[in-house]
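You will see two complexes here that share subunit A, one where it goes with subunit B and one where it goes with subunit C.
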Partner chain A sequence: MPEHRLKALTPLAQARPVITTVGRITIAENPDVALASLAQRRGREADFTQRAEALLGFALPAPGHAVQGGDWGAIWTGPGQWFLEAPFASHEDIAAMVKNAVTDAGSVTEQTDAWVRFDVTGRNATEMFERLSAIDIHRMQAGQATRSLIEHLGCYVICREAGSRYSVLGMRSAAASLHHALVQAAEAVA
Partner chain B sequence: MIINHPLLGPRDSQEFTYLGDASLIDRPDWQAPDAVDQFHDYLYLRDNPAGEHRELWFHEQGDRSWLVVTRNVVTHEILNVELASDVARSRGRSK
Partner chain C sequence: MTANQMSGEMNAVFTPSDSQGSQKTTVNRLAGGQIDRSRRLRFTFDGKGYLAHPGDTLASALLANGVRLMGRSFKYHRPRGVISSGSEEPNALVELRSGARREPNTRATVIEMFDGLEATSQNRWPSLSFDAMGVNDLLSPFFAAGFYYKTFMWPKAFWEKLYEPIIRRAAGLGSLSMEADPDAYDKGFLHCDLLVVGAGPSGLAAALTAGRSGARVILADEDFRLGGRLNAETLAVGDQSGADWAAATVAELASMPNVRLMTRTTIIGAFDHGIYGALERVSDHLAVTPKGKVRQTLWRIYSKRALVCAGAIERPIAFVNNDRPGIMMAGALRAYANRWAATPGHRVAVFTNNDDGLRTVADLRAKGVQIAAVIDSRPDAPALSGVEHLRGAMVIDAKGRLGLSSIVVRTASGDTRTIPCDALGVSGGWNPNVGLTCHHRSRPVWNDGIAAFVPGNDLPAGMTVAGAAVGHLTTAAALRTGAEGAAAALADIGHSAALPDLPRAEDDAPRLTPLWYVPHKKGRAWVDPQNDVTVKDVKLAHQEGYRSVEHLKRYTTLGMATDQGKTSNVTGLAVMAAMTGQTIQQTGTTIYRPPYTPVPIAAFAGRSAKEDFRPKRLTPSHKWATEQGAVFVEVGMWMRAQWFPKPGETTWRQSVDREVLATRGSVGICDVTTLGKIDVQGTDAAEFLNRIYANPFAKLGVGKVRYGIMLREDGMVMDDGTAARLAEDHFVVTTTTANAVGVYRHMEYCRQCLWPDMDVQLISTTEAWAQFSVAGPNARKLLQKIVDQDISNEALPYMGCAEVTVMGGLRARIFRISFSGELAYEIAVPTRYGDGLIRAMADAAKEFGGVVYGTEALGVMRIEKGHAAGNELNGTTTALNLGMAGMVNKKKDAIGSTLSEREGLNQPDALNLVGFRPVSKDALMSAGSHFINAGAEANAANDQGYMTSVAWSPNLGHYVGLGFLKNGANRKGERLRAVCPVKDLETEVEVVSAHFIDPEGERLRA
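Showing the complex of A and B:
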């Protein structure tokens, strides 16, 4: 094995995660997330559900929802399709772990390096999302998640705590643009 | 315009793209003896009602599901929204 002396960079191309505080809102880049997409195969719904639940320890969320339990989180992304997230340090090979669990009842793709996650906290975070997206942010309860547009970018918004704590998943290739959009909206309501 | 998504509730129309008449679901059998005639009608013949129209919409910036939207093209009122997969299955399709 050759020895590589490489330093990992965050999605915003920094050595450390960027944490921006604007007024009462904090926008924190969170690179400690491994992501995989999980889709059920047609005709294998029963096997799929049972195997996925055995891995996660909880039932897969219904449309428009996200569930967190132990190391794992699951986000509904479409009919019969979910994103699974877990800490990167312990689940770097998340796709293989999930595939080993569901075997031939589901299809899995590695998503970790395709996404950037920003954790937005602050009591006026809802005002910020009002300016960013068509999501009805005031009706979102903890445990709800949805995908919509933020500045022309398709993003998942996950409500961790209604009114004050949200996660945004956006495409990593546009991480800096998304960060800029979030910071600008935060400045507008600061 | 707001489309009342059957799974996700009311959503802004900017999240959707439009394909066309919902009759596109009824794709003819390409192996039928008169397939050429059937495909001619499937591709080119459309009703053009001034009133209720069933259309295929795609939730591109949301959960990427295909919907059949019944819309009054005169008033733009949306009367009904169904998952296209449910509509196709109710017409005997397997997928």
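Showing the complex of A and C:
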């Protein structure tokens, strides 16, 4: 954690993460995860894969999937592109850490504050997502990830546990609108 | 029960005197039915209180209470009662609820009863039983089809001001509350292997077959009770009544986790790729939508296959005065008697051309209702015993203005008889409900066996049809084809389903002799009661040459009302066919389109309404700006601070002038996070930008920033911005706020489609960094208090960039670029620290008398400096127009550079961006004005160009403007007229340099 004199705000512009419980569903703002995008350089696929996997300790996930292992998580986000996640407290400078690992075989961009992450838990979370996204949420298995429009915004939805635990990544600037949409959908099924 | 006991139960809308009337509740209430008699619900109709039971609809409750008159017709204000028992109802339209929740044109047949329901009849004044506009009926000879077209032609000016308002007042249905809708609406998305549309016998059998096989099934029905006609008939299914079998089947389906039962849900349309629209009425059956809940949900159902089990709709036979209250469909009479234990009267006649109509006779008799007579148009019909069965007879007239009192019958022998009765059930046969099957323009085909249209062969992909909807009008056939249809649909997607053991059921072949209308010379026989179209209107259309069905529809308005002609279209076609001598098949049908039944616009909007119309993007300094009382403006989805009013400032100009003067005089800070930021990396990143930008980028040094313009392929300027080179293989491109998405999309297109061999990776970082512009002569002094490293002119010269730290170690980026023309920087930190940074900088600025400024001051300063923005980069301008022709590098190929050389874009009189100032210092100028040479007439032929941006310059003390002028670069000093006819403004202006402030650019290099 760098030493400096600036205080951080969460995407919902609060000092501490906002946790909202509606009925059996909990929507928790999670700013404690650092994110970096990792893209493979053309012609360097072998080096890229070897170096990325050495850093992560697991194989990069296939399209439509997300993997967790130790401190690291990886989400497939496009051809040759992944988002890597790690605890913010220990990995705030995640982009530099990843770049050091893959060096010239990959392109790395800090994405931590580009996104708001809401962790949605609850047995009827699927009913809530039916009202938010065209994803076939009932068929989504743990370790699957996809991109979908929610509240007109391009979001990533990652299934952590089928039927009950999901993460939604949406554009940070629209965090309040996205949160509002999630809460309304939760209320509709509460 | 005593009156006291009664009144003790009544609520405010139900007065004790009404309670006397409530004794009548039982007047038309029969035994049995699927209503909960243990509970009583109170409702009002036109302010009068009535009692009903759970399970009732408004229509069934009104009938049970002896109310036959429910509305007035659209054009002639004819007294009307309910005709049907389903969503096809054309007549019994009411205004439901009151206040902001008042909903006009609601069909009484589908309004589920709840305690406290309020309904009002519509299109009448002063009351339903005496309607002054009923005079229209006496004037009916003047109101035949085409009347408006012929009569209100002349004079033209009278149409909007006189005729239309009068017609709209006289004709029409319910009225809007004119208040905002207080309810919320959801949209949602569902997925299934098989969507079953309709939960009658075929739909239930289909869902059972598919559900037991393990397939994902959605069974949707518009009714609140599943079972369709099984609930309306007394026909046995196996050893049970149809209703009991339906209930048992629904119970089994409800226990299956792979089956989703959707009651109160109408499939409104068949769309592409197996997608169906469905409107679920979530709370319409409740007095008040529960807090947090929605009134309705519009579902988008993604189905692999769909089986339409939508049943059939009974059709009337047209005869003179067939719209009297009390005349209704024979099947509806049965439904009211069997399901709702209600009857419109106790002496009922039946008029039929088929055996199904005779079921009404048996069912009503079983309920103790007296049958006045059975008028059967078929001379050869099987004779009924125990009732007067007039075979070969027809109903030729009906009496009773506010409610049926008798019918006039012409018997087979030609005698005329008047038969007293208070209700008449009419059956002209059943029309398969083909609507959904035609949503992709399939045309239904005629089936002589049932004298009706059935679905054609060219159905929407993935759709099949079963049961009555495909013309199988018996219960046994409905069950069988439903089960088989489900198994076949699933087999089509590789899923096997065993057919269930289906119960025995009625399988009598329907016998029918077509009869569409009873010939008549006088009087009016109604084909489309909702739009008041008669047999004569159809004949008139034919007579006047409107013989195509599409012309018939438009000329007469047949089928154009809210019911979309569900009960009337085929009859209208049959009348037209009789006129032309063609078959009904040859006559054809009009196009069926979604939605199947009316859908509130609010449901289409869903949550995207009012302040939630679209999401808002908030800048990192939003919280701070709100605390400062900033006035915000919506820019795209962003909420940007427009200006920051200070105490004592009464107009926006005062705030903006202060912000501009303070910035140019000392230092100003502005949140510029909204500008698009695109991270470009890869070994070919420099070459990639070289092809994207019209000006060269390959040799830009690391740690340097360059301004660039991007062209479209057609040579027009697409966007401008800067690119900063952070490393040999790493750039950050900035775009304008408005074009951030478009430029990113364009770059991805180029990367993926045009040059897939380049090693380039792109990702947006707009949101990741909070970025602020710090501008003014004291910008460096202020920033040096924030940035940990040296940012002197030597360390960070103009157009330099660096990765630095701020406030004692936070990673940050600094770019020395200027939009205002002042010494300026942009400083970026990770977004979560943006709030902290604006607070730290605003604090530090106090020492210098600095300000935080909004988008208005930003705009003023860029106009003063002559920098182009969205007003100038308007999609029709070239680099040459913008005075940047030299930036389009001829030594390399970049997107748009070739077509920018088109001859037409390079004429000597091409528009050039120049500055304008008013000749009289106090004069007003207006963006949008066109330039006209002195002495020339102000018209398009003399147009010399147009003003794009205007601002009051507090530095110069007059308005300054930017605009495009023909050959403007060579016309400095010339005087022109800036003419704005829209604002009725004309100003004499002088052509000047676009750079009003510091034209040599000394400040920004300081």
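The rule is short, and it goes like this: the second predicted complex is superposed on the first by the 184 of 190 C-alpha atoms of A that agree within 3 Å, B and C clash if a C-alpha of one lies under 4 Å from a C-alpha of the other, contacts with A are read in each partner's own complex, and residues count from 1 in each chain.
Keep this in mind: contacts are C-beta pairs under 8 Å (C-beta built on N, C-alpha and C of every residue); 3 or more make two chains touch, one makes a residue touch a chain.
As the structure is a computational prediction, the values presented were derived from the model and not from experiment.
Asks: Scan A:Ser90 for contacts with subunit B and subunit C and give back first, second, both or neither.
Replies: neither
Asks: Tell me the contact category for A:Ala134 with respect to subunit B and subunit C: first, second, both or neither.
Replies: Touch partners of A:Ala134: subunit B and subunit C.
Asks: For A:Ala188, is the partner it touches subunit B (first), subunit C (second), both, or none of the two (neither)?
Replies: In the superposed model, A:Ala188 contacts subunit C only, not subunit B.
Asks: Check whether A:Thr146 is in contact with subunit B, with subunit C, with both or with neither, and answer first, second, both or neither.
Replies: first
Asks: Let me test your reading of the model: by the given contact rule, A:Asn100 touches which partner, first (subunit B), second (subunit C), both or neither?
Replies: neither
Asks: Specify the partner with more touching residues on subunit A, choosing between subunit B and subunit C.
Replies: C
Asks: Once chain A of both complexes is superposed, is A:Gln50 in touch with subunit B (first), subunit C (second), both, or neither?
Replies: neither
Asks: Quick one: is A:Pro63 in contact with subunit B, with subunit C, with both, or with neither? Answer first, second, both or neither.
Replies: Once the two structures are laid over each other on A, A:Pro63 reaches subunit B alone.
Asks: Same subunit A residues contacting subunit B and subunit C, which ones?
Replies: Of subunit A, residues 42, 134, 136 contact subunit B in one complex and subunit C in the other.
Asks: Going by the contact rule at the top, pick out the subunit A residues touching subunit B in the complex.
Replies: Those residues of subunit A that touch subunit B are 42, 63-64, 76-79, 134, 136, 146-149, 154.
Asks: Contact residues on subunit A for subunit C in the complex?
Replies: Those in contact with subunit C are residues 2-11, 13, 22, 31, 37, 39, 41-43, 81, 93, 104, 107-115, 130-131, 133-136, 138-139, 151-153, 171-178, 180-181, 184-185, 187-188, 190.
Asks: Quick one: in the complex, what on subunit C touches subunit A?
Replies: Residue list for subunit C touching subunit A: 184, 186-191, 292-294, 297, 300, 302, 607-608, 612, 614-619, 622-623, 637-638, 673, 679, 681-684, 729-730, 757-759, 761, 763-770, 805-811, 829-837, 840.
Asks: Going by the contact rule at the top, pick out the subunit B residues touching subunit A in the complex.
Replies: The contact residues of subunit B facing subunit A are 7-12, 14-15, 61-65, 83, 85, 95.
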